[in-house]
Amino acid sequence: MNLKMQRDELQRFLGREFPQVSDDFTIEEVSDKEITVRMHVSEQNLRPGGTVSGPSIFALADVAVYLGILANIGPEALSVTTNGSIDFMHKPKANTDLIGKARLLKLGRVLAVGDVLIYSDGMADPVARASMTYSIPPKRA
Amino acid sequence: MNLKMQRDELQRFLGREFPQVSDDFTIEEVSDKEITVRMHVSEQNLRPGGTVSGPSIFALADVAVYLGILANIGPEALSVTTNGSIDFMHKPKANTDLIGKARLLKLGRVLAVGDVLIYSDGMADPVARASMTYSIPPKRA
Amino acid sequence: MNLKMQRDELQRFLGREFPQVSDDFTIEEVSDKEITVRMHVSEQNLRPGGTVSGPSIFALADVAVYLGILANIGPEALSVTTNGSIDFMHKPKANTDLIGKARLLKLGRVLAVGDVLIYSDGMADPVARASMTYSIPPKRA
Amino acid sequence: MNLKMQRDELQRFLGREFPQVSDDFTIEEVSDKEITVRMHVSEQNLRPGGTVSGPSIFALADVAVYLGILANIGPEALSVTTNGSIDFMHKPKANTDLIGKARLLKLGRVLAVGDVLIYSDGMADPVARASMTYSIPPKRA
């Protein structure tokens, strides 16, 4: 399948549509069914001990699968998250970026599903896993 | 069961332990197995159209169940979220606070489970539901 | 909202469409947004110690929300489960029926969401909670 | 890491501890962090159209992660499922075995987490994905 949006295009889309958070995320790699997104951990994401908050990890999972879908269907779609499930498995390393590696498992007419492994940059074991479902709105005539 | 922490005590705990986010949340009511928490929606939580972001809704669910557990076990415990599952059901009303109503379903020795309904303030139907699991660390001798 | 299917009608529907499992379930009560379904626990559902298996509990959650949706939209719809999330909180009582109490949280054009508390008959605390999402196929013209 | 139980040992364990369901499952491959389990689809698992029921798919996910954990920690542990999350993505092929490919993501002192992709035998795209959490009881002194 040919990608409808390449890395730079996705990054610009994020900056345009989600200016509140786009500086937090850098798209590192996009391929057919996989995408890697870096979250730049800042003071706002931290919790006591320098660890990254759960909702910040969720945000990375959400944005990674979202961008993976857009890479495949293009920027016109107003997809919304309908379901997310996340397991927090290890405490993230203090003051360290998070890396989300997402894969697209289903790209249907109405629903898309992806899952994500999230790593503290440089660590071998994932700190979290998540799966996300998006509702894809019908195309306009 | 007697509450180990009342509303004001929980609010102070939040301010002390989670200064990055404590201004976002006001604890409205705490009872035996239920807690109501308001999220003050600010520019940072918004998405195009004035709606509240998914990760912000997740954050409210997380904090509501967390505080409901602390109300029952007291402030000494370093509970961490191990699992969260969330369904986004309706678009939140633009520029409107969110209200999370959590109930504690299990308070075990090792794991605690709660679920939450999340409302746009003043609306009848919930915008989201979530369930969260926390790991409760063993007491020190 | 008026129910499109009453209790007896739902029970007959179950017998007709799902003969493999219909004897396992009795619909006890149906109202606008809530439904109570009993699972008759049999040898097949049991695990060592007389407890009920996880997949059997999942099956009760699934059928309860499914029937709650059908009660509201009628028998014509070929709804399918798209997502389920379940927390097993206590060991079910040995050789005891399970009672699932489901509530409908969203009944949209495309997706319906419900959650369920599951009890060992006669016990106060739920043994499990689950939330289920169904995809509702478009009406035929 | 050395496996504590090999394939044949796991299969015998299943037959001994779970006689109600052990004939349904064949362990095909076990390695360090991954396990492949086949579910022999029978009449009892079917739904209208010859498709496999959701709870049967859940059962395969559950057993695959469970056995993957036991392969690593040995048979003495009485692990129980505490949480499961599943996405049903495609209708399984009629009257066709299901193959579950599980990977172990966390093997902690108290909790273990794994996820699973489930395929209709011979098909390229997964019909479902699931993630499961198990509570591992403390070792006896």
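Order as written gives the chain letters A, B, C and D; numbering starts at 1 within each chain.
One rule holds for everything that comes next: a contact is a pair of C-beta atoms (placed from the backbone, for glycine too) under 8 Å apart; a residue touches a chain by one contact, two chains touch by 3 or more.
Everything numeric here is computed off the predicted structure, so don't read it as measured data.
Peer 1: Once the contact rule is applied, which chains count as partners of both chain A and chain C?
Peer 2: Chains that touch both chain A and chain C, as defined above, are B, D.
Peer 1: Given the two chain pairs B-C and C-D, which is bridged by the higher number of C-beta pairs in contact?
Peer 2: Most contacts of the two pairs: C-D.
Peer 1: Just the number, please: Cα centre separation of chain B and chain D in whole Å.
Peer 2: 33
Peer 1: Centroid from C-alpha atoms only, then distance chain B to chain C, rounded to Å. What do you get?
Peer 2: That gives a centre separation of 27 Å.
Peer 1: If you average the CA atoms of chain C and of chain D, how far apart do the two points sit, in angstrom?
Peer 2: A distance of 23 Å separates the two centres.
Peer 1: Tell me, which residues of chain A touch at least two other chains?
Peer 2: Residues 82-83, 85, 87, 89, 133.
Peer 1: So how do the chains connect up here, line, ring, star, complete, or something else (other)?
Peer 2: Contact pattern: complete, every chain touching every other.
Peer 1: Would you mind writing out the residues of chain B in touch with chain D in their complex?
Peer 2: Per the stated touch rule, the residues are 82-83, 85, 110-111, 133, 135.
Peer 1: So in the complex, which bits of chain C are touching chain B?
Peer 2: 83, 85, 87, 89-90, 105-106, 108, 113, 115, 117, 125-126, 129, 131, 133
Peer 1: Residues of chain A touching chain B in their complex?
Peer 2: So the residues of chain A touching chain B come out as 17-18, 20-21, 43-44, 46-48, 53-56, 58-59, 62, 80-89, 91.
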